[in-house]
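The chains carry the letters A, B, C and D, assigned in the order they are written, with residues numbered from 1 in each.
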Amino acid sequence: MSPKSAPILEASGVVKRFGGFHALDGLNFHVAPGEILGLVGPNGSGKTTAINVISGLYAPDGGRVSFRGQSVGGMASHRLVHLGINRTFQVPKPFLSLTVRQNIEVALAYGRAASAPPAMASLLDAFHLSEVADRPARDLNNVQQKTLDLVRALSTGPQLLLLDELAAGLNPTELDWIAGRIKALAQAGMAIVVVEHLMGFIEQITDRVIVMNAGKEIFEGTLAVAVTVPQVVEVFLGGEHAA
Amino acid sequence: MIRKIAMALVAGLMLATPALAADPPAEIKIGTLYASSGRFASISMPVHSALKIWVDQKNAEGGVYVKAFDKKIPIKLVAYDDQSNTATASTLYNQLITQDKVDLLVADSGSVLTAPAVAIARDHKMFLFDQTGTGASFFSKDNPYIALMADPVSTIWPKPVADFLTQDGPKLGIKKIALLYSTNEFTGTQANAVRKFIKEANAPVEIVYDQGVPTETSNYTVIINNIRAKQPDAVIHLGYAPNDIAFLRNVNEVGAKFKWLFCIYPGLETELLEKNVGVKGMQHVFTYVPPSELNYPVNFGMKMPEFRALWNKTFPDGKVEFGFNAVAGYTTALVIEKTLSVATSLDQMELRRAVFSLSGQLKTLDGTFALDETGGQIGELTPLGQLEPDGKGGLKFVAVYPHDVATGKPVYPRP
Amino acid sequence: MLVYALVAGLLFGLYFSLVGIGLNLVFGVMRIVNLAHGDFLMLGAFIAVGVSALAGFDPLFAVPLAFVVFVLVGLVLYYLLVPRLQGSVDPEMLSIILFFGLSQVIEALTTIAFGTSERSIDSGELGKILAGLRVHVFGGDADGPVELLGQSFPTSWVISAAVSVVAILLVYVYLYRTRLGTLTRAVMSRREEAFATGINVDRVSAVAFGIGLGLAAIAGVFAPFMFGSVTPAFGEDATVTSFAIVVLGSLGNPLGTALGGVVYGISYMVVQTYLSSWADLLPYVLLILILLLRPSGLLGRRVRVA
Amino acid sequence: MPSALRHLLFIVAPLLAVFAILPSVYENHLMLFNFVVFLILAQGVNVIYGFTGYLPFGYVGFFGGGAYGFAVMVMHLHASAPVAVVVAGLAGVALGLLLSPLLRLSGAYFAIANLAAALAVLHFVANPALETITRGPYGVSLTATFNPNAAYAAALVVLALTMGAVVFLKNSRFGLALQSVREDPVSAAMAGVSVVRMRVIAWLASALIAGLAGGVYAWYVSVFFPDNVFSGTFSIFAIVFALFGGVATIVGPIVGVLLLYGVYNLIGFTTPQYFQLIYGLLIMGLVLFLPAGLVSLATRRGWHVP
């Protein structure tokens, strides 16, 4: 599908405050089906907050989030899941005392995927979890837990997938493998938003990036262009400085 | 597992007691519960300890005389600890009846722990020797399996208090009465009774303050201030021992001068209150005159001084307080002893008949034992008295009402 | 009547701050729900009764004694119980059960040792070493009530409230002016990170646990005066009340407890004045309302919403 | 054979059969009845704590509410006992609905708020102002419906329903979803599970169970005071039994009740003088050495426990 098709998600002027702090200060962006959008920016620029607002963890304090033309700002997470939005977590939170299979079963049963979701066996197989399928999630290593988190999201058959630092902690082989999987999902028509620090990974998979600073976007385009924009470079250097 | 244990217990009991009823049993089994811990421990332990004193005393004499077999038979006291816990108590009452197969069933003290026994005893057609469970809901004409041994039912207990206020009160200048009570069955019922007696008397007195406070109340300073604001001539406080302790202490601590003040426990648990409130704080307080002060003419059992001496000998460490509850436990024991000496069999209805036959006849250190038709205790009434300095740094009781038992004049107003 | 209720509530509430503060310290630092809290209060009361009845001293002397004894008891108990507990899956919930068991053991042992009767201390005993001073400041006679705003209040209340204020100030000094206190606060706000930064979390926690029990025991010293009398079964009610106060102020914020205590005291006394028989309903309703309307307590910042 | 059927056939049916037969061979029916009541309550705790992680420290609130629901129906509307038991269950549900905002709280806050709620209900029911409805503190006497055998049978029916509910939770996606909410509400929401609705359903189910149990209890004992049916030990025992066996399983709470309540009664019958002490120590030992319950002995070895 062409990235030029109509956006599935549109955020316009989204505001999220925590006390006096504006974590999002009028953020605008969109993503289209089949597109992989990178969300980059220094720590504290609001990337994860943006994902949390879109996935219903936080209600926005202003602006509009629309999904397939419907306003979804402030809607409860599980309803967004049912509409076709899902996400992974920076620190994965699988259901530790349930088995891997049960973890996936919950999402398959309650995700209300619009189109039939993939079968359990194929998911386990495709994401290398078959061998641990009947072990409690507690026994998994970090990478396996991240994969399980992704599988949980996929089990609900999302049309929009938000990935929060999925790549962190993966070795190069695993990175290549996961990049391949993400691209395949996009090719199948899924809109994907990737929040990531690893620029190499971003470059490898995204069609377009949004650079964020202080809760709003300051650049939109390809990463190759972004690195030539002085404002972007300053934000990143400044960010490094501050950190 | 339970079943095995139960079987073992049953087997053990069968060895211990020949099954044939006609033969005199080797021992008379009296089953009871006590609360060694929890909310009701402090009222349960004295009652239970008194019962134990009696058992030891009788067994030392070779047992208690049982008319049904015309001989002395030793007593076996089967006692379990319910820890003030209702569910546990109900299991244990049932254990006493069904497994230990006790001959006589004696309830734990107080209404809350007696309550589970009422239905169980009735269900098993066991006559319940209710020691101090005064709950009005226990006694009904359709339940023959209960009688109250050692406390008057709460509905008539405060009659002398109300009568004094309505009869003698106006002559003394008492017009306004304050009524404060703890909202539990025991004192709440007494408060209702006071209210009713005063209303029915049509005397020129009025209740100007009438409040219930939760039984857990341990702090009366503000309440006392409120009562003071109503300027009553007489204050009636109805509460359990800890309530009385806290109330009287607070009265003294804030320097409230009530002209006439009644509390239940200075009379019932005088020593406990003296220890906790102090002699000074109890001077001139009106209270029930306990049997220990009246030296009732006794036609059965030890007189008060003897019982007192035996108690002190048995519990020299003072961990269990001597007082009204101790007397109540011993009174129950005496009713049991007398019942066994007149009952022609150990059949429960015969025991009931025997108990009721004692009504009005049995005079113990607790007064005259008298039952109404439902098994409620209407004898053993305590006159109204006042605590006065005895001139030796202690206190003495002066009975003031009814007049026929009065030993002195009331001091009013309280100095 | 209202003024009287307000002043009485303030005095009463300051004392209840002391009752609750130890519980809160323990919860704040260890996420442990000490259901035996009231039993340590009860033990403190028995120490006071001992000091007064056996030795004839002013019960105020029981304050340092009870504190020292129970700090030591706390240290021992901490190392016996807590590290094992923290190793389990859900220590916060299991602590409720564990300390319920401990509370039963304490009550049982106390009953075996002292019997079940009510015990207390003559009101005149408390602060008798200060009686002269008191007469000098407030006037009146040595064992009469204290006059405040033209109304009389029990002397023992004023002393209890005063000691409570001092104790709470000392907790403040400990938390905000000592190194150990700083570490304690670090553990309170981020236990996991405190581990990572090399703080000896166990030692900090053990001390906090000891101090928590010590404070409970100090509060217990005044229990015979504030509650009329104590029995071994006294602990249970005291624990529940303590929880109400602690949650009012904010669980995990020891100084919030001071506010919680005062709010509790004043509202209790006001309800007792105007709706006596409902007075015991109040703390619970207040607690639930506060939890629902302001889940972090009056002074809390921490999120505690599921 | 589907596992649900297997569980019903090999766990629930034998349990019910044993308790149906026992009264004819063992005469202490009240002990058997109490066993059944605690089996119901422990499974009720299992539903809410085992499957959602909320520790209902004031679980007795529903039980007592149910008992008084039963009493009010019998006293004022002269309802037949089975109808009154159903109403008792509904009283539990109504209370559960009233208290459902508490589910916003987490961890110890929920446990404490729930405890406070139970005490609030107690003080409300026991207030003399409600004498015309609940008989306030004066206690109820329900001789009209007194029928221990029928009440025992009703208790078995309630136990069967409760066990059926637990078997359903253990074998259904609904139960799995509940557990996912317990493990991590945020992830559960992102699996499409309606976290709030799940919790409320589990909460109301467990309130219904306790309400029914309270109704049956009121039917059996027939004479009681507020203190009897709101006694905190019902909550504590149900929780301890469930934990001792192991929650989120079918057999855990059963084993817990049979063993621990069995031991409890055994101590009570044999060494009553150290009752409380032994029991307290037992509870402490349980938490310290078997925090995940008896079933963890099996699961640790990799055995599956239904």
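By definition in this document, contacts are C-beta pairs under 8 Å (C-beta built on N, C-alpha and C of every residue); 3 or more make two chains touch, one makes a residue touch a chain.
The shown structure was predicted, so the numbers you read here are calculated from the model rather than taken from an experiment.
*Asks:* What's the fewest number of moves from subunit A to subunit C, given that each move must go to a chain touching the current one?
*Replies:* The distance in steps between these two chains is 2.
*Asks:* On a CA-centroid basis, which chain has its centre farthest from subunit A's?
*Replies:* Greatest centre separation from subunit A goes to chain B.
*Asks:* Report the chain ID whose CA centroid sits closest to the centroid of the full protein CA set.
*Replies:* D
*Asks:* Averaging only over C-alpha atoms, locate the centres of subunit C and subunit D and give their separation in whole Å.
*Replies:* 32
*Asks:* Approximately how many whole Å separate the CA-defined centres of subunit B and subunit C?
*Replies:* 35
*Asks:* Could you give the separation in Å between the centres of subunit A and subunit B, each centre being the mean of its C-alpha atoms?
*Replies:* Roughly 74 Å separates the two chain centres.
*Asks:* Hunt down the residues of subunit A that sit against at least two other chains at once, touch-wise.
*Replies:* none
*Asks:* Which residues does subunit C have that touch at least 2 chains other than itself?
*Replies:* 107-108, 111, 277, 280
*Asks:* For subunit B, jot down the residues that touch at least 2 other chains.
*Replies:* In subunit B, the residues touching two or more other chains are 36-37, 39, 183, 212, 214.
*Asks:* Among line, ring, star, complete and other, which one matches the pattern of chain touches?
*Replies:* Topology of the interface graph: other, matching no listed pattern.
*Asks:* Would you mind giving me the full set of chain pairs in touch?
*Replies:* Result of the pairwise touch check is A-D, B-C, B-D, C-D.
*Asks:* Using the touch rule from the top, collect the residues of subunit C that touch subunit D in their complex.
*Replies:* 27, 31, 33, 81, 84-85, 87-90, 92-94, 96-98, 100-109, 111-112, 236, 240, 243-244, 247, 251, 277-278, 280-281, 283-285, 287-288, 291-292, 295, 304-306
*Asks:* Would you pull the subunit B residues touching subunit D in the complex into a rising list?
*Replies:* Going through subunit B, the ones touching subunit D are 1-3, 5-6, 9, 36-37, 39, 79-81, 83, 85-88, 90-95, 98-99, 111-112, 115-116, 118-120, 122-123, 135-138, 140, 142-143, 183-185, 188-189, 212, 214-215.
*Asks:* Enumerate the contact residues on subunit C facing subunit B in the complex.
*Replies:* These residues of subunit C touch subunit B: 1, 4-5, 8-9, 12, 107-108, 111, 114-120, 122-123, 144-145, 151-157, 225-229, 231-233, 237, 269, 272-273, 276-277, 279-280.
*Asks:* What residues on subunit A touch subunit D, complex-wise?
*Replies:* Against subunit D, the touching part of subunit A is residues 55-57, 76-79, 81-82, 86-87, 89, 93-98, 102-103, 105-107, 109-112, 149, 152-153, 155-156.
*Asks:* Considering the complex alone, what residue numbers of subunit B touch subunit C?
*Replies:* Residue positions touching the partner: 36-39, 41-42, 44-45, 84, 183, 211-214, 216-219, 221-223, 225-226, 229, 241-243, 245-247, 249-250, 252-255, 272, 275-276, 278, 317-321.
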